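Chain nomenclature is as follows: A, B, C and D, assigned in order of appearance, with residue numbering initiated at 1 for each chain independently.
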């Protein structure tokens, strides 16, 4: 009963099988092989973007940092939500790669508030040459709070950015989960809104370790390639990276796994309705939720072998039975309905 | 008949099997899992260095750049051979990670000449604050020319570095092949000589994509971890990276594969002795060699399906039949004696 | 009637005279001359710190960025107030030089709140290797709001930092003005409290362009020198830089000029008491204040030739006569009592 | 009798007078003042380039590093002569500012050999994405060996660069001396040949500390401004920097001082003809020369109070009387014919 992260589960057998099959014979290195070309094509198909630049890296940190370094100048601020993973959990990778600075924006439920974005851009512009110049906006969908920007939410943010000529990046560590939640296509969630770049995540959603950087401006391809190499992210035996993404982006596997994950989280949310005292925090929309539960419920779950984050980390040590403690629950493709049921049962006691 | 690089061949079935087996159930992310701990222990065993810092990354570029960033200050020069991969083929990754500068040293057969290293250090010291300060020395063994530094060669270089208090790093993209060639242990080739850091390569020698950064000073561990994260090289589903290295470093598989690769290269070298006009360049000692062969021999091999690099790249377009053209031949663990025999037969005509 | 900044006024004749006198004959370059040595000694005397590292640069941006790069690792956060010049007006110089990231702390009247600093350090520590590590704290005294940290204020902040082993830097663009306001010595305001590094500003307080970086740990000298050179901040004809600082730090000129500047600001503050509707914002303590005045008062002053910043910049275009608009008033050493009287008279109408 | 460097002499009285006169009243800070505008206009007049971007900094290191950072991408190599000051004496400033790498080119007498430049560009292009990409070429005129590139020399180098679309920068620490030596205009030595950027040096040629970065593409102005601020090189009391350059670039003072300096070096060269054993090295053309003289001559000069560099630094300690030792002699605007005569007399004995 591990619900701590979508990083803890296994890769999908189809992905594993593709890697196994790629392990045959001799193949040119550094990404000029046919497995890589096919995987690129599959991602372009997912995005209905035949001209898009598509390159693969093995971590989300790298995907985001490389995409934004390609969009930002070293003297520009990158606008992101205060709780963005990009800000809180990358140990400075964004600054290392871009040379720039993150400018933090507030907003309810983990979503950038368009008015505050507009205000922060105005502040930058007011400072002239003395201040950081306005640069790209990066939006995480699904957000770190488990909420999902609607297409209208995204359109509003893109419109603020574009009014100032600023590019927009989508951190898609959970891109597929957002897409499923919105019932839209990958294209509708990105370039059709004016979004310039996407980190299309595979790792959290059933791969071993692969993310695609997708840039809709084909002119940016060479720069991305050079930045990737300079960052040490170009694989020599590239086929193993590509095979994962090829399997993932083909035949709708990416969508199918996210559908499964979202369904399991929905089961969690439905199930907590009848737990006395339980509260659903923010407005979860995909495969991740923050919940408040009585300490007694958490203790029963832990005793039953459940593992997930409770806030604060040592909160259970001293809490009273009825004290509400927040936790984060994440489901990936591999969760079964039975496992969720067991978790709910433990909580209910 | 692909002899272009040890990056073009498949991973060893034992490595693949370990990855497959790692794909079971739920495992903590970011490298705090038991598969990772076991792999670290296996590498420490290989080096007989129970205190060593061992971290895994997926590319040799990253391994080298991170190791040297940990050893160098931004205002220091990193001494390397003029033909080092670190200088010629990393698109500036060393400078990006370290902030420093490469100082190029000459030397026959791809080996740094100790006297020239000494002289270049002296030049740096003469310049005082105006110049780059002397920093770490990085040595590639097997060299990019296919030669192997003897233990005495290494000892001399280490001694020059240490006389000035400079740390020494070993670029071990083909570490195992050098070790086999020298008939020494991993410890004898490294810390027993005073070497401070090693990039212990797995990718070229039968893995999919894994290199171990090994630092013999345990104090450096935290910095390496932080630099790795900041560079975007910390895997979330870390088990798949670790499983490869675990299989590789356990039971001598790393040594066994290098032994096989070196044997196949030896077969090539033995075989070219009786090809009229053929010359063996530099002094190949492991699994990689530069050879000169008549254009006619190259043409026969290409016609028979062989693929390898010829210098210059377009040399065969215009060469006369008897013109000698240099080529690079690399064998990995997967090459069969039959395949080598077929190559030799094609050359002989 | 220019009260916009202490950057707009002239240099003191004694400083100019010293530069003129330095322009005699031949002098070794790059700071190994006797004028430089004497100026270093004068600064060490000011700080009663005979072992301190003292180096000169020509801008406050450089002084702060170099000092903090010497104190911070690239993966560390530098804690500063949200309104610190270091954050808002350096176009990313702190990040460029340190490689790190600024972590913004709130607090009333432009002063870092010790409890919020403590909380932010705790947040950093919680994140482990995924987040930016806690690094140095930089404190501006006089603050950007014109307030002055008391010695007790400083002691509390230093104590929070030191409890976590973090170094502390003082941005002293207006160091002298703070010292005069507190009636303490330079030593009492710095190393006696445990502060590790100071940017001792000369430019705003009567020099042309010189700031001293003072590091109380003599071990840091070589690194500072190398960073300065690498940043392009080592003057070749160094005597002209040093001569300014020599005159400034000798015979109490630095203190005398700040005393004059603070007195003029006090005259402003006293004078606004009887202007109907006028408000003094924050709690100005040195040579800089934010005031609220009716639009009519601002308009009279502007008509009389006064120049200073009004917020928002275009506020006067549309304000009603009685609308209160904030402005910033700064006095330097060169302001006369008559000029202040004229400003007050214009405001009063 | 100090002939060690043109950094050791005084500033010209006209330059000092301009700084003194600038020290009057209140002036907007950060370079938006009329003194700065006039100085910019004067430099544009010198270059007959009314549209050129002109910004001032206080060191040659900064001028060169900022100009080249504006021309180069972080993944590009900057081509320069192996003996360029930019390579040997900047402690990594070029790499720090540009993020790139210096690619060293050989050539006799301190001049880049066009064929070797062409070859090195070809090598870069061959490596594809794995290697550093070709970037700008930087040429020092007067070279570090005291030689002067002819207009034809420059034209050949520019033509190699432009054939590959690469920008060209001129390191003009001794620009005026080269201009005088060639008898050409500033425009003829730069943009009329296709040169894109110049560091127009003032410090070595009679100023205290000022260099102008001149970019002939007006589109580059904003980037240069932002890079300058980010590097900490924007002066707040900017008038003092500008006043120097204004005086220097007006009325031909820059040309007049270089004419004087070159004449004094010519006097040195003429005078050594009749010193037995003396040799003139390289082919000095402006205000700097390397000479070989018997140890006895050096000893007499040192005894008479002369100061200049001898190679190796400790060469005189053990040399025999007749041993030839190389020295470097530099004249600035302030040298008198009598002082040169005294030096020659001491050498002759």
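Heads up, the rule we're going with is that a contact is a pair of C-beta atoms (placed from the backbone, for glycine too) under 8 Å apart; a residue touches a chain by one contact, two chains touch by 3 or more.
The structure presented is a predicted model; accordingly, all values stated were derived computationally and were not measured.
Undergrad: So which one's got more C-beta contacts, B-D or C-D?
TA: When C-D is set beside B-D, the one with more contacts is C-D.
Undergrad: Average the CA atoms of each chain to get its centre, and name the chain whose centre is farthest from that of chain D.
TA: A
Undergrad: Express in whole angstrom the distance between the two chain centres, defined as the mean CA positions of chain B and chain D.
TA: That gives a centre separation of 42 Å.
Undergrad: Mind checking the centre-to-centre distance between chain B and chain C? Centres are C-alpha means, answer in whole Å.
TA: 51
Undergrad: From the C-alpha centre of chain C to that of chain D, how far is it in Å?
TA: Roughly 34 Å, centre to centre.
Undergrad: Specify, in ascending order, the residues of chain D that touch 2 or more different other chains.
TA: If we look for residues of chain D contacting two or more partner chains, we find 30, 74-75, 90-92, 96, 99, 129-130, 133, 226, 229-230, 234.
Undergrad: Name, in rising order, each residue of chain A that touches chain C in their complex.
TA: Touch list, chain A to chain C: 74-75, 88-92, 95-96, 99-102, 104, 126-127, 129-133, 313.
Undergrad: Going by the contact rule set out above, which residues of chain D touch chain A in the complex?
TA: 30, 73-75, 99, 129-130, 133, 223, 225-227, 229-230, 234
Undergrad: Under the stated contact criterion, what part of chain A meets chain B in this complex?
TA: Residues 2, 4-5, 7-11, 16, 19-20, 23-30, 57-62, 65-66, 90-93, 96-97, 203-204, 208-209, 226, 229-237, 240-241, 307.
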